[in-house]
Amino acid sequence: MKLGMIGLGKMGYNLVQNMLQHNHQVVVNDVNPEPGMKLVEEGAEFAASIEEVVAKLSSPRIVWIMVPAGQIVDQVIDKLIPMLEQGDIVIDGGNSHYKQSLARAEKLDGHGIHFFDIGTSGGTNGAANGGCFMIGGDKETFAIIEPIFQNIAVDRGYLYAGKNGSGHYLKMVHNGIEYGMMQSIAEGFELLSKSEFDFNYEEVARVWSNGSVIRSWLMELTENAFSKDPNLDGIRGVMKSSGEGKWTVETALDLEVSTPIIALSLLMRYRSLETDTFHGKVVAALRNEFGGHAVERIN
Amino acid sequence: MKLGMIGLGKMGYNLVQNMLQHNHQVVVNDVNPEPGMKLVEEGAEFAASIEEVVAKLSSPRIVWIMVPAGQIVDQVIDKLIPMLEQGDIVIDGGNSHYKQSLARAEKLDGHGIHFFDIGTSGGTNGAANGGCFMIGGDKETFAIIEPIFQNIAVDRGYLYAGKNGSGHYLKMVHNGIEYGMMQSIAEGFELLSKSEFDFNYEEVARVWSNGSVIRSWLMELTENAFSKDPNLDGIRGVMKSSGEGKWTVETALDLEVSTPIIALSLLMRYRSLETDTFHGKVVAALRNEFGGHAVERIN
Amino acid sequence: MKLGMIGLGKMGYNLVQNMLQHNHQVVVNDVNPEPGMKLVEEGAEFAASIEEVVAKLSSPRIVWIMVPAGQIVDQVIDKLIPMLEQGDIVIDGGNSHYKQSLARAEKLDGHGIHFFDIGTSGGTNGAANGGCFMIGGDKETFAIIEPIFQNIAVDRGYLYAGKNGSGHYLKMVHNGIEYGMMQSIAEGFELLSKSEFDFNYEEVARVWSNGSVIRSWLMELTENAFSKDPNLDGIRGVMKSSGEGKWTVETALDLEVSTPIIALSLLMRYRSLETDTFHGKVVAALRNEFGGHAVERIN
Amino acid sequence: MKLGMIGLGKMGYNLVQNMLQHNHQVVVNDVNPEPGMKLVEEGAEFAASIEEVVAKLSSPRIVWIMVPAGQIVDQVIDKLIPMLEQGDIVIDGGNSHYKQSLARAEKLDGHGIHFFDIGTSGGTNGAANGGCFMIGGDKETFAIIEPIFQNIAVDRGYLYAGKNGSGHYLKMVHNGIEYGMMQSIAEGFELLSKSEFDFNYEEVARVWSNGSVIRSWLMELTENAFSKDPNLDGIRGVMKSSGEGKWTVETALDLEVSTPIIALSLLMRYRSLETDTFHGKVVAALRNEFGGHAVERIN
């Protein structure tokens, strides 16, 4: 199968390698020519522009967009629309909000172009060697692109999830679950660190990765992390977030779904961005007001 | 009415002043003679020892214990038992665990001595000028000591709550609610501090103290606190706790009661004791493992 | 002072009564003529339409809008714009989102019309007899309308908070705090209800309302509620919400502020809308899968 | 290696099968003779009493206790002590509290008997075919029993964790993490169930089990559960708990560790035990008091 890939960052680059290894033909393009040049050595076809991507494909054209979520996706789609024809296929494999995917699907549908919103999981390694794909779009048209996923996904690792939006919705919720799982694991290790015992965290993560109820890829990654820095002395506990957890909580609010664990996992990330807090000052001041409890003063 | 007060810390001292102002006779004792000496000037009778306290009272003797919670209460009670007689009354007005109060009531009951567990709220100012008292013990015997509370409590500010344990149970839950209210207010001000607006926190606390749905003594204290330090620049946001919030959550666990707000308010206090966390390091390391997200390194 | 009031629901109606009692002249209008007719008996001037409201005022005209939040506010403002002149004043005293207030202020400013976003608290009783008002808008212009608030607010119960948006922002956060306080109180009473003691809830709420650290208007209302139905046997524990708590949490997410208590208070409300949950089924099923723990079957 | 197994419930029974398959000799005993009889058919040696278990072993005797946590463990240990000799080994493989294990280790140590507290994970299937074992006790003595774990654990699935107590501490924290992970997954599926999409939950659990960041044994079990009942229509969402999650939270409180996710996961389980709540009634009544919001009445 032949397709175009626009966006050759960590994820796009690895996906192309994965596709090439499975004998798909990939026309590659990125605002930065370097990664495309390197992929040519592995068999990809270089395109200096989006126009060139489209020109090198034939009907029905399949164009996979793998750029940072947000306005850039819309810019690429807006460029693509006049170049594409009825029956062509546009895929957004990035972390877009499912509501944006619904809007983009409608826009492309107005031009007879099929759209698929695909949530991709498994990290960069998964992209290269077998990832997990959650796919929303037209079911019949999906048959055209399915062979790609039979190759680039890990076994049983892709799902036609339903109409447009469902792919990115699944990915969003997946990330919400991920936030909760990570925080659960992390709280567990904090309980180890404050105990009277002298645990070897790497070994604990190893034994929990083998045979336990909580065995999981995240636990294996925990083992990896501790193998590099046994007490994580070298890093700060600042827990950044890139937006999908927030979307999950916002969606929970909109749908009136009670998701305390996912919400709290996100809020603890925000909490970690600060070393001192204003709410803490207020509580400390109040304890002093009514009970005369001492406060810690800043000089 | 004549009674003995053992323990003349902030709360005990102020309670005695309150009682004296209402023409009660109070025999005062503390391991430290100083506060007792000062109270003599206001009309109290000094006792150099617990024996002397008891000796200066007549049947039915009323001994109010106002010492730090824990073993000291038991030590005082164990000293008192052989000196007291059937029908005498022992009051624990401190922050004891209600289960300990149940045990102490049973022990004293074995000697025919009545016990009252009294939760006291309102801070030191309340103790001096009219506080809030939640009282557990025998209902009939309560009639003997009720006149004291008609004087030292603010109007409608005392309650015979039920059998032994109920007074300290109420106080414990009161403090759990207090944790939740304080954290609610504090989170609100954090939302103000991070907004695009330039709020005067003292004025906000003032307007919210007058006519709003959330008007409360804690909001008035918030106004006080900001009046002294407009942005609380001088204090750190370390939120200590003295045990009753923890008891409330432990009780919730034992009774299988879902109290997310009280529990979280306590856990946020624990969180505030640290500037960096081990759980944060684990999450940061995991994000790096699966997604290559940058971590903040410590040199 | 003379002003127009558009919207005579529970809040608008009571505000007009309050203003009339303080000898302000109020031109009243509502889609439903009835409440306006009744207010005429108390001294108000009736207007059958928005046009009539404007016609009965003179420069600078002051029009207070007190309609349900959302599109209706915009409809009224859009009607008002062509009728008003430079220097006139529009007030939105409803529960609008502060970002909408910012947008409306900008729109009105384009026509030289001043806008005030006013958060109103204290319930219907407060509106009638002295409420709490948080006011955002131009500071100099505020001097024109300040006399109204000197009358209709409880003493010290109004605040010029800052530029447009700040009034409704304060009201939003006020409601977030309210959610947390209410849930705190409610969890406390649940702890009473599941204890080994036999508490009289009304009396507990009464004693906590007098002299305690947690004394507050909400606690007084708790006493009222229990005085009508001692165990609340007559009502279901369904906790609805009308939007401001949700806005508060959304704002916290946008500003990356950690507000666990306010967020959880909202999520527990959503939880209360259901008697059984899908997440509960999943956990129950999982416990059965790995540990053979029994599930409760539905016939 | 030869050892005795006291307690042949689900876990003990399966562990014996596992040991027998690896050519260990196992003397089996249970208050109920049936499971022991069946294990004889698979090669076990039957003992009608704890005395018989001990009599059939030779120094150093190894006795593995696998009975319900709590007093029964102490009863068995108290029976064993006079029958055992210096250098013998007692293993508690059940879900005991780590503080009890510390006390038991000390008691047995007073008689020169070695004690190991072993946390066992992996469910009944893991017990039979390769589980996960977290082991606390004397390091040198561990060398004697290590060959058993080389056989009955999954590869890399056992850990000598440190001194006594550390094995059960790890198991306790493991279960705390498990609570958080399960609730995370469950909230995710609730978000799917309330979305505008029509997801096939089994297929979603399947795709998330293959290649995704959240792949885990629990997700595979989720797939299993949905394969049997596609929408879990047949079961109620009552989330029971058997104590270790509670111990984890209690330990967090004692150590002042902030574990919001584990704590909330437990509290949501308690919440699920009820269809209506008293705290909900209080909040509903309060909304009615201050804002006149309608309550749902019970006839």
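Each chain carries a letter (A, B, C and D) given by its place in the written order, and its residues are counted from 1.
Keep this in mind: contacts are C-beta pairs under 8 Å (C-beta built on N, C-alpha and C of every residue); 3 or more make two chains touch, one makes a residue touch a chain.
Keep in mind it's a predicted model, so treat the numbers as computed, not measured.
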Remotest chain, subunit C as reference, centres from CA atoms: D
Copies subunit D and subunit C - interface residue numbers shared by over half, same or different: same
Intercentroid distance (Cα basis), subunit D paired with subunit C, Å: 49
Subunit A and subunit D: spacing of chain centres that average the CA atoms, whole Å: 33
Contacts with two or more other chains, residues of subunit A listed in rising order: 123, 183, 185, 187, 190, 194, 213, 217-218, 252, 256-260, 264, 268, 271, 277, 279, 290
Overall pattern in which the protein chains touch one another (line/ring/star/complete/other): complete
Touching residues on subunit C, where the partner in the complex is subunit A: 213, 246, 249-250, 252-253, 256-260, 263-264, 266-268, 270-271, 273, 277, 279, 290
Subunit B-touching residues of subunit C, taken from the complex the two chains share: 121-123, 126, 130-134, 136, 153-159, 161-163, 165-166, 169-170, 173-174, 176-181, 183-185, 187-188, 190-192, 194-199, 203-204, 206-219, 248, 251-252, 255-262, 264-265, 268
Residues of subunit C touching subunit D in the complex: 10, 123-124, 182-183, 185-187, 189-190, 193-194, 217-218, 221-222, 224-226, 229, 232-240, 242, 260, 264, 268-269, 271-272, 275-293, 295-298
